[in-house]
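What follows is a set of structures for review.
Okay, so chain A shows up in both of these, paired with chain B first and chain C after.
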Partner chain A sequence: MAAASPLHRSLLGAPVIGGAAVVGFLIAWWVSAKSFDPMRIPQPGDVWDAAVQLATTGYAGGTLAQHTLQSIMLAFMGFAVAAGTALPIGLAMGMSRSAEAVFGPIVAFIRPIPPLAWIPLAIIWFGLGDGAKIFVIWFTAFVPTLINTFTGVRTVDPTIIAAARVHGAGPRRMLLDVILPGAAPLIFSGLRVSLQASWMALVAAELIGAFFGLGRVLMTAAQDIFPGMIVVAMAAVAVCGATMTWLLGVVERRCLPWLKVTP
Partner chain B sequence: MTMDMLAKSDLRPVRRRRGPAVGPGARLTLLSAASIAFALGLWFALAASGLLPKMLLPSPWDVAQALVKNIGVPFAGATLQQHLLASLGRFSAGFALAVAVGVPVGLMMGWFAPFRHAFAPFFETFRFIAPLAWVPFAALWFGTGIGGPILIVFSGAFAACVINTYRGARMTDERLIEACRTLGAGNWRLIVDVLLPSALPSIMAGIRVAAALGWQSLIGAELIVASSGVGYLIVQGQGSVETPIVMAGMATIGFVGLLIDLGLRQIDARIGRGWRAGA
Partner chain C sequence: MSGIAFTDVTRAFERKGGAFQALEPVTLHVPDGEFVAIVGPSGCGKTTLLRLAAGLDHPTTGSVMVGGRAVTGPGPDRAVVFQQFALLPWKTVRQNIGFGLKCRGMSDAEARPLVERYLATMRLEGHGDSYPHQLSGGMQQRVAIARSFILEPEVLLMDEPFGALDAQTRIEMQEELIRLTAGQRRTVLFITHSVEEATYLADRVVVMAGRPGSVREIVDVASLRKAERWAERPVEEVMELDSFIRIRTRLWRLLRSAGAHRDDAATHTLPIAS
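Right after this comes the complex of A and B.
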């Protein structure tokens, strides 16, 4: 058990031990599922059947591809709206004390309310359609990007800013060539938090009321007491969330080639 | 978690302007006050103008009245404080469980490589499942009992506890570990007397994030399956289009979230002080 120095990475063992743990878990599930109530713990076969059904004939009003596409599209739209508003406001707040004084207190008031608590109000205002979801995602994803952009701008090395000014950089060059690149690492970590939160908020909003989407599949499966389908929908949620985070990481490495990004 | 750590970081001015005759501080305070006044005024004016039906946008005054009224008169089966107590009970149970399991797991992952390798694939998979996606299983496994909400709060709060503990443990100064090894400390002593204290600031930051996520997940879960709690209160308010109740509930949720964070920050500060005094 006690390796010579466990804090040193022993990467060699990682895939083997990890793989063994996963295989062990699957075998344990396979063996033990039969002794549980199938209405509570699905058997691996049930999950497979549910996955096939969802992928081919469809469930809860659509196939896996349709539900997934709808959810991903909505999440991206909400995320785009949030990033598109939070970035400019965050930059303004970072660069001007006055803008900070104007927007700061409003953000401070809204921030403590958990984004998911906006869902009932969003339903009253926008109904069960896409508008309500985009609204909720906007509230969820806005704050992380805003705060990180603001902090990113504020932590740009003042010497660099002074140097740029001495060399005669105008506001435009200052923003594009000095502030944005300097703040970019923090902005990206804000975007990453925002994207994950967007996805979470969307699934929540779809669970509470939707006509379509992965959350809808989850809720329908819960009402039908179809545990196999619940597992499939949860897996789809996880795969989409992981893929989105991974994609943003790729974009980040493209945009910031000078940084060694640690995911 | 990044943002909360960042929020504490030192904010330096980007540039110093030659201020106007009024002190810059006073001018900024004035701007902030004007901003809040404008937002509130806009809300009042919109609500009073009748452009939007009262059902959609009640005035701040209506919301305050709904809040006060709900303390005495039950809505959705209970008064505001009863709903709040129900929510807080569930939150505490799930949160305590997440901390009690998450911190040791994080320490183990930081210390024992085999444990880390075995646990990581599951952790990386489950991390991406939105906490509320557990609601269907919570309902199947526990019905409407306390187990369901605990599972949801746990799934919301667990990851932040594990990740921050793990990172804190990994950042422990190698020299400290080697020194303790040389002096003959075993695994147990190393974990409890070296890793835990050195990871504590990171752990506390993680616990604060976990509390916020857990509280939010609970509210979300109460929107879907519950027969009490503040989440249930606001979703019932939505069902009967009692918008003032919904907004009053939201304000309560936000306020309690702030109090939870304040309490944790207090604990953090106290631990920090005790540490310095002991050292």
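Right after this comes the complex of A and C.
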């Protein structure tokens, strides 16, 4: 078969295909919602009404803004605590064999525990408040950043480390100018995984017990058998998660300017 | 004793199934201001010798002195140029050249004029704000050389610095190095695979034999270079001189009889001659 003409290729570019897929999905949704039980599959109009209700009069104890803000704040705080502890420990483990000997077994023990298995303990210790959520996020988001920071430090080119040493780098310069930037790409990919894990853990924790938040909206809507609201809350979770991941990408490009410049 | 002095230096590495002897006792003195090249097959311990002088490694027995002081670690009196350039990819050319000055606590304002001077000396004007990966291999190695020279070390240690460059760039860099070391007399220890390169650059060429590494012979080139004014002539002209060819051929014979891995030596030296 002949290759597609340049015009064809530009028309069939990724945005066009993506847009067509979204439209197709909406049509399929509308058609299936028409032909099945409306109590199980909400129609697009139901979802819109639910969104308007949540945004204006509120639902499950708060408006969309209140729930979203609560979730974003908790996800961010949990993520910050996780990153703030995983980074220094990962750096220490990467740079010192004795730190690796101390933390290695602890990490190996924590690592296989599913994040949700922390929730019962979190509720006993912290109740249904913010502390429990931050605790669960911490233990979920901690490991990816830790492992990547550790690996990032260990994979810094030894010749570059030697070159920095022979040109006079002391421990401070070595950390700031060599180890951190050398490990940065892997650290950021660890942070990205941790951020996604933060959202996952938060929503799960809120589903089980919360006074506020998007997970609380989801749970209440399930009890009320209100599928339109469920879809709204899920969409809000998706938008928040995607936005935070995008923001992290912005920070990453800011921090790693040498990676985007090409010859 | 100033310069670089290796005295009865050995180095053994722990390996599975016993120690691996990389160097048998080596004694070698590079006097102040002399340019010494070391040639030898892969695994003959020449890079180990350089790392010992740099303070990146420690001898199993014997002593390594630079400028009359025992080497215990890297120091400001020595700088190293690596085969793989080893620039900091996240620093610009300016920041890379000024890295050692910054490590010495010099402020940006103090370092600036020096860095600019070396940008000019190494013909890197206009590339000061580029990142290393945006430069050609030859330019990257010029940055690495500038980063070392700017510290004005007593001793310059070069570990196959032109080994990763194409033949033409390599010759340009050799001429550049001659120009630089003529301007600022330095003690240089230069590791290479190339017999031609060693003959062209060095005052003396040390031929090493492998497994365990040892000094096989030391060939003097300095007197010829002075008498025939090699430093003032282009490489291709020097390489046609009978005297140059004689020394090169002698080094070749020494390498072979040293039990050098022939294939290794051949692949690394022939391209320069062609």
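We adopt the following convention: the second predicted complex is superposed on the first by the 246 of 263 C-alpha atoms of A that agree within 3 Å, B and C clash if a C-alpha of one lies under 4 Å from a C-alpha of the other, contacts with A are read in each partner's own complex, and residues count from 1 in each chain.
The definition used in the following text is that a contact is a pair of C-beta atoms (placed from the backbone, for glycine too) under 8 Å apart; a residue touches a chain by one contact, two chains touch by 3 or more.
All of these numbers come straight from a predicted model, not from anything done at the bench.
By the touch criterion defined above, A:H167 reaches chain C but does not reach chain B. When both complexes are overlaid on chain A, the residue A:W258 reaches chain C alone and has no touch with chain B. Contacts of A:A117 after superposition: chain B is touched, whereas chain C is not reached. Look at A:P181: by the touch rule set out above, it reaches chain C but stays clear of chain B.
By the touch criterion defined above, A:T155 lies against chain B but remains apart from chain C after alignment on the C-alpha atoms of chain A. Greater residue coverage of chain A by touch, when chain B is weighed against chain C, goes to B. Taken in their complex, chain B has these residues touching chain A: 2-3, 6-7, 9, 11-15, 17, 24, 27-29, 31-32, 34-36, 39, 55-56, 110-114, 117-122, 124-126, 128-137, 139-141, 170, 172, 174, 177, 187, 212, 215-217, 219-220, 223-224, 231, 234-235, 237-238, 241, 243, 246-247, 249-251, 253-255, 257-258. For chain A in complex with chain C, the touching residues are 157, 159-160, 162-170, 173, 177-178, 181-182, 184, 256, 258, 261-263. Only residues 1-3, 5-7, 9-10, 13-22, 25, 39-40, 94-95, 97-98, 100-106, 109, 112-121, 123-125, 143-144, 147-148, 151, 153-156, 158, 161, 179, 186, 189-190, 193, 199-200, 203-204, 207-208, 215, 218-219, 221-222, 225, 227, 230, 233-234, 237-239, 241-242, 245 of chain A touch chain B when the two sit together in their complex.
If you check the complex, the residues on chain C that touch chain A are 54-56, 74, 76, 78-80, 82, 84, 86-91, 99-100, 102-104, 131, 133-134, 144, 147-148, 151, 157.
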